[in-house]
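Here come two complexes built around subunit A, the first alongside subunit B, the second alongside subunit C.
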Partner chain A sequence: MKALTPTPEPSAAAQVPGQPRGGMLRFEARDVTGTHVLEVRNVQRTTPAGAVATALASRMGLPADVPWIIRNDATGAVLEERPIGDQIEDGAKVVLSPKAHLG
Partner chain B sequence: MNTASWSSSTHPAAGWSEVLLPEGFTPAAGGYERAGLRVCPAQDWWTLEYRPDDESLTSQAGDARPDRIGQAGAWKWVAQDRAFRLLLALPASLFTVETDEICWDAGTPVTAADALLRWAHETAAGVSLTGWTAPLRKVVESWFSREQLTVVAGPLLRQGEVIREPGRLALRFPILSQVPGDLPPARLAWLRALLEEAQDRWHLVRCGFLPAPDGAGQVAIAEVDLTGVPPVASEILFVTALEALRGAVQWLGEPADWLADPNVASELLAVCPQ
Partner chain C sequence: MNPSISSSAPVSVGVAVPLHEAAFSVVLRDEETGAFLAREPVGPADLVGHANEAWRDGCLRKGCPGLSRSQVPLNIRAVLKQNPASPSPTLCAGFGIDIILPDGRVTTTAFTVHSLSAVAARASEHLVALGKLNSGQTYTYQLHCQSHLRPREPVAAPPVELEFDTNDRSPALSWLEMPLRPLLQQATPHDDIPEAGFQVFFTAAAFARAEQFARKGAVATPPVETGAVLLGVPCSCPDTGEFFVVVTDAYEVIGAEQKVFSLGYTDRSWNRIQAVVKARQKICPAFRLLGQAHGHNFLPAGGKTCEACPSRLVCDLTNIYASQDDESWTRAVFAGAPYALCLIFGLTARADRIHGLFTQRDARLRQRGYLVLEHFSADQWPCRSGVPWSP
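Now for the complex of A and B:
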């Protein structure tokens, strides 16, 4: 999806610094190895974090048969299955990790 | 698909007559007609077409496709036979299945078919839907699971919303949350053609552009507007609409992203579609 595709910076005239467009979320995502880094734009704040993780994993070419989680790089908190906009700030950095089931 | 065309038969099926003749419709061109509203029953979907006497409300071949985004009701302009037709497709089961719910109009009980056809006529003609109130939000939310508002297909991710206000009920998904302002005219024309094709393909679904919420530029959306829908049909239509939208969003998302990406170079896309 476009929202997960690295795109060039919009012109200064098109965007006010620090002001997300239309309430959309923008953040940086990388996988746990640091191999893939994406500038993620235009994610609707109401999107569940799990769906964002799934789409990000696909965009990064990570295995689809593994459940993925998103961790807030600043706090270390794993995002819960509720709107991502309630859990991270605009401009946040997140890490995509496989969901571990420790027995 | 909205590909159903008028039957060449001059005699409509008898079973449907039992529904439509009492409503004041007369057989015409393989369907039924009443005051500019033509109904073409079929096994799964009934196709309604509105042809008002007022020529200014019709679309001529060669015109740009009229836009009904944001308007009450699920009518939409569909390309058919080299012209645009104002169509509304409704599940046939709505007209033929008996329900326990009784529709009332000005204190008088009416059939589900009558309520639906009245809604169709009023929304086609732009009649004010006075007295209609949307179902309660918690009732609407009991018709679907929250996950159904999220479309994930590979890297494609779209989050839909239910617009429920006292006088409005609609479902809406973003296709592009920001159409680049510097998109070349030819690329914008291709994007419009893609949205129009999706509108032709899926029953109930309308696609088009809206101003961005922040006022800068525009967004591309897919929607189904059920404002004014009679209670007897609201849940079935809502569930059907959500599924149709999910299909349309999945079909549209990737090519729309591609067309809206100014970094994608294509000689073909530099020329406007015919």
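Now for the complex of A and C:
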């Protein structure tokens, strides 16, 4: 006889290490010189691209006093300020570029 | 005391602590009265450029080009002023960053108080915003080390940290193994090369192309800034362990936002640059972006010359300087690449063509000399790579 003990659903935190969580985005990000390269996992698809750019710059140790944008390496398109999951595919490669100019 | 840290004033060297435990602050004072204005903590982000420069001079240039910045532990030591007239035991003449190399050698890169001018500028902006300092009012600044204070990040609110996972897949540096002496013997030096500075070579063709593209905007009405990216190879000398760079090509920055006093790279500019670099790296992995050149194509002082102009051989009213924008751009684009070059082609007030090369020294872009090679072939030298670092 089976015990009628409810089994809880696996929580989002109980994931296989190194594997992306369901519905999350995974991609590779690098800076413009290719000096810093990050494999990025488990990004909420609904996160605005600008917030992801700022967070990636921080993780790469890039200066916080300039704004950063993300470009899709395959298309060259600059990601707009809307959910990142609407703009790149899982496994995409992106480039983090500073929004700065020479004087 | 380490002899590589020196000062004209009597000094003592503080205890070495890991870089992230540095407890420095910059104190601003009114220039006229000496009154205290503000104390601005020096955060870890303020020392990133210093750390990269220490890696360049204390590791890459000491025969260890294969060690990534993350692989070398950095310690920092204050250089304390010993002034009997000063009641403050915390006043610093500067500081040094130590690197312990795998063979046990310890290298020290010294920095002055001026290397933290950006921190002082940040504090002054806060004071101006609060109305405690008038715009344009002059101030002095000092560096203090207070080991009992924990460092903190700048006053600006930190970005909201998103939750996601990352793995560092940064590639190790690739370089060409090439003796330095034969290059020095055949190259033509231009301007003063700092004795302790790393060597920068341009092929004559690359330099000419850089100038051509940088000055292209001079013919526009009004003149605008135009430029080129500098590409080439980092090199390490097997005889001396010295690290140096050779610029072998220059590519025009196309699709840029060109203005009289600024030049902004667009996504179109970057797409082309990265396509070129990727293609070249398939042939030579050491090939990389080494810097940029741009033209200050405006006449300084609007072209107004001084009364002594007819009798002067050289006009010293020029527009050759690395602006704050150039500093910020270089720090952002070449973060982790402290060998980055900023080559500026400009004019004197009487329209003589001049130029200047700037590289990071004392955590700022400083003008320095370089060498030009008539002939250079990268193909004959072996390409080496370090081992990517994994924590």
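Heads up, the rule we're going with is that the second predicted complex is superposed on the first by the 79 of 103 C-alpha atoms of A that agree within 3 Å, B and C clash if a C-alpha of one lies under 4 Å from a C-alpha of the other, contacts with A are read in each partner's own complex, and residues count from 1 in each chain.
The working rule: a residue touches a chain if its C-beta (ideal position, glycine included) is under 8 Å from a C-beta of that chain, and two chains touch if they have at least 3 such contacts.
Quantities reported herein were computed from a predicted structural model and do not represent experimental measurements.
Chemist: Which partner reaches more residues of subunit A, subunit B or subunit C?
Modeler: Larger number of subunit A residues touched: C.
Chemist: Using the touch definition from the top, say if A:T35 reaches subunit B (first), subunit C (second), both or neither.
Modeler: A:T35: touches subunit C, not subunit B.
Chemist: Which partner chains sit in contact with A:G23 here, subunit B, subunit C, both or neither? Use first/second/both/neither.
Modeler: The first partner, subunit B, only.
Chemist: Considering only the touch criterion stated at the top, classify A:T54 as touching first (subunit B), second (subunit C), both, or neither.
Modeler: both
Chemist: With the two structures laid over each other on chain A, which partner does A:V66 touch: subunit B (first), subunit C (second), both, or neither?
Modeler: second
Chemist: When the two structures are overlaid on chain A, which partner does A:S97 contact: first (subunit B), second (subunit C), both, or neither?
Modeler: A:S97 sits against subunit C, while subunit B stays out of touch.
Chemist: With the two structures laid over each other on chain A, which partner does A:T46 touch: subunit B (first), subunit C (second), both, or neither?
Modeler: first
Chemist: So, A:G76: does it touch subunit B (first), subunit C (second), both, or neither?
Modeler: A:G76 contacts subunit C only, not subunit B.
Chemist: Touching subunit B in one complex and subunit C in the other: list those residues of subunit A.
Modeler: 24, 42-44, 47, 51-52, 54-55, 58-59
Chemist: Would you pull the subunit C residues touching subunit A in the complex into a rising list?
Modeler: 45, 48, 156, 158-171, 225, 227, 257, 261-265, 267-268, 270-271, 273-274, 277, 288-289, 292, 294, 323-326, 328-329, 331-337
Chemist: Which bits of subunit A are touching subunit B when the two form their complex?
Modeler: So the residues of subunit A touching subunit B come out as 1-5, 7-8, 11, 14-15, 21-24, 42-44, 46-48, 51-52, 54-56, 58-59.
Chemist: Please give the residue numbers of subunit B that touch subunit A in the complex, ascending.
Modeler: 146-147, 150, 152, 154-159, 161, 174, 176-178, 181-182, 212-214, 216-217, 219, 253-254, 256-257, 260-261, 263
Chemist: Note which residues of subunit A are touching subunit C in the complex, please.
Modeler: 24, 28, 31-44, 47, 51-52, 54-55, 58-66, 71, 73, 76-78, 95, 97-98, 100-103
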